[in-house]
Structure formats: C-alpha cells, structure tokens
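Got some structures for you, see below.
One chain, chain A, appears in both complexes that follow, with chain B as partner in the first and chain C in the second.
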Partner chain A sequence: MRKRTAFFILIWIHIYLFAQQGQNSILLVERSVDRPLTVHKNQLQINAGYDFSMLSRRIDESGNIVNLSEAGIASAMHTFPLNIKYGILEFLEISAGTSYKKSGMRSEDYWTFSGSSKLHIQEINEHKGLEDMFMKMGLRLPFNLKSFDWSVSGSVTLPVAKYKPDKPDHEVILVEPVYDSYKFTYHYNNRFGTGVPTFKIRSAAKFRTERTAIIASADYFKPFSSGENIHWKSRRIYEEFEYTGLPYKYLPSQVISCSGAFTYQAIAWFSQYIIIDYYKIYGGWSELTGKRVANEKRNYMFISFGFEIQVSPYLRLSQLVELPGWGNNTDAPICFATNLSFNILTSK
Partner chain B sequence: MVRSQNITIKTPGFIFIAVLFILFVFISACEESYNAVDPKTLDKWETYNTNNVLVSDSILSVAEDSKGNLWFGTRSNGVIKYDGKIWSNYTENIGLVNNNYIQAIEEDRFGNIWFGTAYGMSKYNGSEFLNYFASDTSLFDISDITEDRLGNIWVGTYGLGLYIGDENSFERRTFNDSLLDVINVIVEDLEGNIWLGTYGGVLKFNGINFIPYTTNNGLASNEVLSIIQDSYGDIWFGTFGGKYVNRFDGTSFHNVALYSGFIYTVVYSIIEDRSGNIWFANGFNGVTVYDGVTMHTIGKNDGLAGYMINAILEDSKGDIWFCSNNNGISKYIPR
Partner chain C sequence: MLKRITDCLRLKGLISESIKKPVFLFVFIALSNFITAQTDRHGIPAELKQQTVISEPSTMRKGFLRIGVIYSHSLLDKYFDENGQKMSYYGSSTSQGRTYAVSVEYGITDRLEADVSMSYANGFINSTQALDNLYFDTIITVYADIKTRGFGDLNFGFDYQIIKENSIMPSLTALTRVTIPTGEKNITDVKDEFNFNEPAGNGEFNASLDLLLKKIKYPFSFDLRIGAVYYFGGEKIFEPFEETKSFKTGTFIYIDGGINFNLNDWIALENEIAYHNFGRKEVDGEYKHDYIPWNISYNPKLNFQLKRFRLVECVTIPLSGKGENADPAYIFIIQYVF
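And now, the complex of A and B:
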C-alpha cells in the first residue's frame, strides 16, 4: 500500500512539474539580477539549507579580537534553515520558516576548591533545537517590474519552540584520591526558542542594470513582551547533585540591522555577490539575580561572498561564506552556508 | 473594464497604508526596557572608610530598614546611617544610649529601629531615642535583637541571657549553664522556631521548649557565632574554632569545610544572596562564597577592604555590604 501511494505521489509530482512548462515558467529561470524582491504570483519557493559556523574568535567590549582557539574553547554550530514563500499576488507574498540549530561550547577550564577538595571544573554549554517559527507578509512596488523596486514586510515569530533549558547534568570523576582531587564537568542543555512573541519589519530596495543589481535593506526586530524562563541552580550534597529551577523574567534585545548586497550576473545561470551586513543589538534585560540588568549592547559587521547557480528551471543552488568584520561584545564566527531553492508555479 | 482598472490601482495603496498602520501599532504595543542596570556598573567593589565618608573604620553590625536606609553599628562611634546619598552619624549626643559596641540593629514592624550596645538598648522612632537599661546591672551588653512573627522582641546578651518582650516591658530568661547565657545570635526560621547561637551550643525554641544542640549532636563547635536558614530550608551554623561550618537539614548536622587557608574557622556572619550563593564572613581571611558546589575565598586583592569581616548584608538592590573590623566598609555590586 505504501509503495503504491508513493508511486502515485511521484507521478503526480512529475505531471505537476512538467505542466509548468509554459509562458509562466519563464519566471522560474529569470536571472538573479532580474528577480523582483517578492516571489511572483502563484510561485511557491521552498528554501532549505545547511550552515556551518566555526567560532574561533570573539570581539570584546573594546573591539579587540579574542582568540578562542588559543584558550582551547573554539566551537561549531550547525544550522538547518527551512522556509517557504508563496506569491498570493504579483506584489504580495507570504512566507513561513524556522531552523534547527545545534552547538556545543566549552568554557575555559579552571581549578577551584570545595572545602578540602581540589576541583577541576569544565563547563559545556550545549544549545540544541528549533528556533521559533516566523510568518511573514511582504509587499512590493511598483507592480510592473523595472530597474527599481521596493518592498516592505512584517513578520511575527510565535514562541512555539522549546526555550526553557533542560535540567543540567554533572559528571564527577575522582582524579587523585590522595590529594582529594576531582574533575567536575557541568553540562548545560539550552534551547533556541525565544519564549516570547517577536515582531520584525523589513524594507528593501533593489536597483538593477543589465548585469548588476544592488539590494539595500533594513530590518527592525523587537519582542512584544517580557517572558519568564528558569535558571537551574545546583548544589552537591555529598556525592549527589540536586537541581532547583529558579524562575526569572527577561526581555529579549531589539535588533536593528542593515544590509547592502551587490550582485554580478556573470552568465545567465551564474551570479556572484558580495553582502555587507551590520547588526546593532540593544535594549532588553534579565532578572537572573533578582536585579533587572540590561542586556549588553552589541554591534557587529560582517561581509559575505557567494554565488548562485540556476541548476534547473526549478532549482537554484547558492553558497556563501561569511567573514567577521568589526564590532564589540560579540562572537565572530566564520560561516559557510549552502542553500537549495526549489521553485514552482502552482497554477498558470 | 474601467472599474476593474481603478480597483487594481487603489487596492495596493490601501494595503500599503494598512500594513504601515499595523506595523506602527505593533511597535507601539511592544514592551520597552526601562530601569535596567547597565551591566558595566556590575561586578565592582567600592570602599568606604575614614578617608572618605565614615567616622569609624571598625564596623560591627549592619541592617537595612524598610525605607532602604542602611544602618551600621560601630565599635566606639555610635551608629552610621546611609540613605543612598548621605552618611549620617547618630551618637550619645543626640540620644543614643551608648556609642560603644553597636552589635545589634533591628527594625520592628512599626518602623522603629532598635540598637543594641554594650551598655543598653535604644529604640529610635525616626525623631527620638527611647533607651532601655538592665535593672540589675550597668553592663547590658547586647549581642543581637530580633523581632519574631508574633511581634515579640528577642534580645540576646553576652552573659545576661535572653530578654523577651515588647517596647513596654521585657522578661529575662536565663539558662542553667552560664555558657548558654552568652547569646551571640538569634534567628527565626520559616516554621517560627527561634534559634539561639550561644557559647554552649545551639538552642532551638519551638514555642514550648528550648532544645539544645551541641558537638554531641554534630555541631563543629559549641561556640556558635552565626546562623541563617537558606532557601532550601537548611540551617547553617558558623562557629568559633570549629573545623567546619554546619548545615542542619532538620535531622542531622553535616560538615562543610571552608577553604579559607586556616584549619579552624571563625565565622561571624553568614548570608544567602538572591542567587543562592552563601557568603561566610571569615574572622581572619576575608569572605568565602559557596555556590552549592564550589567555594572561593575573597580577600583584599579582590576588592575587600579588610580580611577580618564582622557582618555581611545583601541590601534590597542586591548589593552586598561587608563590615570589616578595622578597614571600613566594602560594597560589592554583583554581576
């Protein structure tokens, strides 16, 4: 029964895709520089990818680079983004998406004491899970595409992803009985959910020539309200650890970002681009210690280089590398991203 | 056909305006981040001494009243009040019973501040002092004052036992062991029991009887200087000369060794901060912080004014105050 169902689904997909071979399907092979800022009417676009971020440097408060590799605490993050766009009208699109992320960060080891015991402490902060799902609506002007178009969009994220950290676990190894020396490994299990609804507006403009295009965009992200999370406090009673979840309130930071992208259409199916992004993160607070403490202000600029290949009328492949620029109070990872974009017209 | 064209032109404009309006409403509805402390101002130490604002560098006690004023008891210069801006000095000249050894400060439910000195007790109602003396001796050396949940004022003395009463009259209570009459600290737990730390061990008053606990029960030393109840409900005891501090879980005493560099401990004060860290004032070696798993000791190199700490207080803002024996006051603003 399953094989038969799968067979009919494949046949249906095949017929469906080839049914797009008409005048409208030209939209699906249009060059990167020619594309409007929103997808076309009835166009369904599914984007899926994989990003690998390698964090070996951090930028401190003064803007100086801190080499995490030298301290032995470099880490990596794996991201699997997925989003779907659909053109309701030629100038109106809706989209939704989320991503799955996983990272493990080890802090710098240190020695301390507990009574007469000597303790070697190692902390591992693991983050794993889905990000909150966003739903977006975008509008574009003018309706007849020329050398310039402009779009504005608004999106909300719903706090559907898990955001409260799981209970931590500790591993205790007796290293040297004579000196009463132990190795403690703290393992914190964090999530990527925000825990509160958030909202983002975006405006973008695109100028295009025969072989080039420039896209300038600005985003503003803000949480709707404060939320409540838990902080796990642990204590060791002889050989056992006890964990207590202490609630605290928080308000995520606001983010203003702007971006400039230059695209060069080398040939009809191949384009290259350079993107410069700037993020300013400010506002927000947490009451982890009972005192309302503002989140640290951060800003960060990075530059990306990439290309896009039109693999088939339905499939685009893009890859880019993000390199850290300047900023303060921020991680400065190097990111390699690959994205597959599948496009069809759902009706003529 | 003409009507159709009109609709295609007007509808997008309307949608744009509607979207912009909705975005404006969204932004307006968002919660703003007011009154948050700048993280750059945290994890800092400040020192107050006779070189800047204090009249004495020897501070024995500290308490915060319901208005947010901090009161510090000095060894021989009366009481110091800090309202967040101004440091004021209250002495015998304006009615305080005595300037020496202000070891006890307590605010009662009516907002009166009680001060215990080496020669009596004063109640300050915000404008004047009402002084209390022992009827049978001039030396009325008060170690601690606590108001219980019923409104009774418990006054501990060095050698005269316990006084219980209200602002009008006090009843003296002594014990059959003179060491038990040396009361260092009085604490009420969450169940309403009163714990007395004495030179003869601990006495727990359950409303009916005084139940003794000594080294025979597991106390590290019978000379108990400090007591607190932590957020887990356990009672901690700091002693003079014990090898450990004790954690009492309601059934038995557990030894917790402080890494202070000394074999024996002298713990004058214990507090639990709002993050659940327990701070022990070492008599000789600064302060030890215990996060439930690890400990570290804080000394002069970290920002503490002196190594001999008599009292610790976490104020309503979350800042932690350390009263040193000879070096003034340190304030730590935690991260």
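And now, the complex of A and C:
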C-alpha cells in the first residue's frame, strides 16, 4: 500500500511539474497574433534595442518633399530605447522606460568673400542624452475573448532627463593672417529632455483570426505645464567666445496620434507586420525670439514594415524599417530599428 | 576478434592472465571510440550543409560549394581625429557607401578551401556650399555630386586548416588572399572639381595572410584571428584636373576575436571585437598622415540558418580610434550551400 501511495504521489508531482512547465512555455512562446494587449500576470518583459535614423528629406508646409542634401542639411540619429513591463494581474500591467539618443544636424558651409579676405562659417547642432522617463499603467479586458481584446493605458513622463543645453563650443581660427581670413565653427550642444511633466492616454483594440491580427490604437499627449529653458547667445572677443544664457518660457505641443498594425503569422515563430502611424502636432508656444510665438502645426504619416522571430521561450527579436509617408512641416527620416525582448515568468 | 587480440598478447607474454579482462575492456572502449568517430566523420552531407556558424569547421568540407551575396551600407557623419576624439564632419555632406559583393567558397578537400569574391560599388557624396561675395553682392550655391559606381577589385585565395580541431586543441587555419586591381582606379567623368565619379577600385595589388584559431564548445564557439595585408603600390589620379601620382597604402594589420553562441538551434549571435591598424599611406613618396590611423570596433552578427540558407546581419560599431571614421556600418549577407 505504501509503495502504491508513493508511486501515485510521484506520478502526481511529475504531472504537476510538467503542467507548470507547459503553462510557462505556452505563455512565453505565445504567437504574436495570440498575445493579449498587456503582458501576462507575473510576466517580466525587458525590451532593448537600437534605432538608426537617417534624415535626408523634409516635407515642407505645402507637403512637398525637400531634398536636404540640396538644401544644405545633413543629419543622422542613433537611439537606444529601453523599457520594462510587468504584469501585476492577468489584465493589469505597469511599465517604465526611457531611451538614450544622439544626433547631429550639420548645415552647409558658408563662405563670405570681401576683397582679399574671406570667412568660412560652419554650423552643427548636436543633441545628446537621455529622454524623459515614462511610467505607465495599462488595463485590458479582464476576460479572454478569442478574437477581440481591448486596452486602455495612461502614462506620465517625469522631467528627469537633462533639458537645458550645455554651453556651445564655438571656435574661431585665423586661417590666413595676411588676408585677414577666418574660419568660424558654431557648435551647439542640446539635450533631449522636455523639461516639463507630460501625460499620455492611449486606447487600443486587437482583432484577430487564426493567422492575422489587426491592432488599432489612438493616443493623446499633453504637457501638464509650461517650462523655462535657456538659450545661449554668443559674442566673439578676438579669438574667444563669450556666452550668455538667456532664459525663455515655452509650452510643448500637444500630439494626437493613431496607428493601425496588421500582423500576419506566417509560422508559429515568425510573424510579419505593417504599421501605419499618423501624428498631428499642434498647440504650444515659445518665447525664444523674445515674443511668444506659436509652435508650427505639423502632420505626419509614415509606414513601417517589420518582422518578429520567437528565438527561444525567453527571447524575441524584431526588426523594422520606417519609411516616410506624407504630411507637412515635418522631417521625413528613414529609420531602421532592431529590438530584443527578454521575457520571463517571475513566479508560477 | 578482441579475444584473439588479447590471446595473442598473452601468448607473446605482453600481458598476464590476471589483467586480461581490463585490457579486453580497454581495447573494446578504444574501438568503440574509433567507430563513433568514423560515424561522426561520415555524417549525412545534407545535415552538414545546414550547420550553423558555431558548429561548422573553419573551412568548407570537400565538395561543398557556398555562394553568397553581401550588401554593405555605410555613411559619413563622425570621425576620430588625430587625438582620438570623436568629432562631427562639418558641412552638409550626405554620404552613403553601398557595396554589393558576390562570394564563392569551395571545399577542395576537407582542409583546403578556395575563395573568390568581386564587388560592385554604388555610393554618393552630396554637399552644398554657399559662396557669398560681398564685393559683387552675390551668393552662389555650389552643389557637389560625387558618385562611386562600378565593379571593384577581384579577390581570390585559399584557406587551409593546418591543425584540425580535437577535444582539447582548437583548429588552426591559414587564410590567404590576393587582390587584383580589376576595378577602375582613376577619377572619371570629371565635370568640374565638385562633380565627378570616384573610382570603385583601389588601383594596387595586395596580398594577405590570416591565422585563425577556432574552438567549438557547443553551444559556444571561440575564435581569434590575426592577419596582415601588404600593398604593392600603384599609380592613379586622386583629384580632378590633377596628374597621376604614385602611391602605396600602408600595411594593414588586424586582430579580432569573438565569443559566439547559438540562441536556439538555428539562430547564432557572434560577438566580435576587432582592432585595425591601417598603416601609413604614401603619396608621391610622402606620408599622408604623420600618425598611424587605427580603430577598435565591436561587430555583433546575427546568423539565421534556414536549412542550407544562411542570412547574416552585422553592424560594425567603432568604439575608439585615430584618424578613422566613427560611424556604424550595416552588412547583410545571404549564403547558400550547394
């Protein structure tokens, strides 16, 4: 009898452990189209990646494409995003994230000739640093429907990132003393912080079939308040520059955006997707010029193509390319993004 | 047969009756190892052609043919100056270097591999400059359009596994390459000093020798390579409206190593750190720089092994250097083993 009981307990433990493992792997290798709009209960997801953006075109206020290399501007941007999500309940997640960015916008060389003397002027606008950190809470339908899911989330960005520009590094070199010829290099050092707290609300709906899914979402972004920043004025004294930081007030623009993502699950571990994003940027003002001037209204739509691979139960790899669509008053970069997503269930 | 071997040894007085059983066991184990090794050596070719970059040997197996298409994309935005500081290029120049290459690798024996590769360049540099003449009160905008289009130089060579890998020692492979300057070496189609075509070829012969150590410890592999390229010099036109100048590129020395591993059965991640010393280039008998340009880069590679297809994505990220570009470059490779 004891032997039989021991054997029964052994079998039961084995089944229990196996079932737990199965549940884990089912949740972590869930196909892209089957995933809910929030992470599962106790699921920890860490997303990190690298985005490279190349800016060679801009869309003007009439919607015409401007080739920036012909207009005398060149720019590239490197972004390293990081965000962490955790499922408190099966239908409630929290997340936080930020990204580190670097970009430089170079303007055309400007030569001025006057008699035998000449001036050579170069300018670069660098942006470098962390973006503000966001903290988000997302809620989805508390029951599982086979073909539909819906979520709503709210997030705040805290102005923890540096936002005031560092002193510029302007330089003047006397190139040819006889002809009184100089080379001026204007180098501005800007930051990516917003400087004011902001909030964003979002709602998304997911419709799915056996092999496809469509996610439609809408976002609204607004700053809580206006902020104060400084603008560096420079004055040349012989071969040195003297800088004065002039304060000015500003209010960041509001943004309404919507997105449609179509996913096709080709095989269990590979899915392809197409995303269309639309942004409308409006409102806000700046006193940079000494007078309060409204920010430019901008519209922008872009299309992204990408894929996701389930590398292992813990690791997902996705890549996408963003192509400029249409709009007005906006930059139109081409962006290549790679993201690694690490997923674990912290408790069974 | 084993019994016959031990009986024979006993009869010759080499072993006693008491140690007959252990010897028998030893011979049996030795033979079984030998038989297993033979089975491994003669694996199914279709499976061997699907090995990932982690588990494959340093050279192609006999009769295997691998054809690959390589696309690389680079741009100019930043550089390391002579003090090692990362600086931005000034001016509005937009530069994109795009190169397409075809490579063929063939296993002549299990240790000897032949390689041939050829590239086609398709890049450009665009920039604008404003010339403001105060005396005449005029501003002229000069638009520079420099293209690079055409076939590059032809590379061929042989790789030989000097030491094959065993359970303790890594494999040691010698890689040799020769470059024949088949591509255009001079500036062509010169319209003015800002509008012309850059050559796709380098214009000089070169020969290289690499030594590669590789050790597989599944799911990991470790490799270390040291190599040098010697340039024989040549003559070409460097700038528009200039005469031909003699030149000789400095000897290029490199050391790279990586810890690589399989993320799953068919995806591998290679992590390579590389040091490049570019040597000093001479033009008309004078050194171009008064320092030796060098850089250190981190080159992660993602390998997707889909049956006999292999897709490789690589980004080279310069970490440090002197007198060299500091921009990442992207490389995409598709290969198929026949």
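In this text, the second predicted complex is superposed on the first by the 307 of 348 C-alpha atoms of A that agree within 3 Å, B and C clash if a C-alpha of one lies under 4 Å from a C-alpha of the other, contacts with A are read in each partner's own complex, and residues count from 1 in each chain.
The working rule: a contact is a pair of C-beta atoms (placed from the backbone, for glycine too) under 8 Å apart; a residue touches a chain by one contact, two chains touch by 3 or more.
This is a predicted model, so every value here is computed, not measured.
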item	value
Which of chain B and chain C A:S107 touches, first, second, both or neither	second
Chain B versus chain C as contact partner of A:F336, first or second or both or neither	second
Touching partner for A:L317 - first (chain B), second (chain C), both, neither	second
Partner chain(s) touched by A:F302 [first = chain B, second = chain C, both, neither]	neither
Touching partner for A:I124 - first (chain B), second (chain C), both, neither	second
Chain B versus chain C as contact partner of A:A74, first or second or both or neither	second
Residue contacts on chain A - larger count, chain B or chain C	B
Which of chain B and chain C A:I201 touches, first, second, both or neither	first
Which of chain B and chain C A:Y163 touches, first, second, both or neither	neither
Contacts on chain A seen with chain B and repeated with chain C across the two complexes	112-115
Chain A-touching residues of chain B, taken from the complex the two chains share	12, 15-16, 19-20, 22-23, 26-27, 29-33, 35-39, 42, 232, 244, 254, 256-259, 273-276, 290-296, 317-318, 334-335
Residues of chain A touching chain B in the complex	91-92, 112-116, 119, 121, 137, 139, 141, 143, 152, 154, 170, 184, 199, 201, 220, 222-226, 233-237, 241, 244, 246, 251, 283-285, 288-296
Contacting residues of chain A [partner chain C, same complex]	50, 52, 54, 56, 68-74, 76, 78, 104, 106-115, 122-124, 126, 185, 309, 311-312, 315, 317, 319, 336
Chain C to chain A touching residues, read off their complex	75, 77-78, 88-94, 126-135, 141, 143, 263-264, 267, 302, 304, 313, 315, 327-328, 330
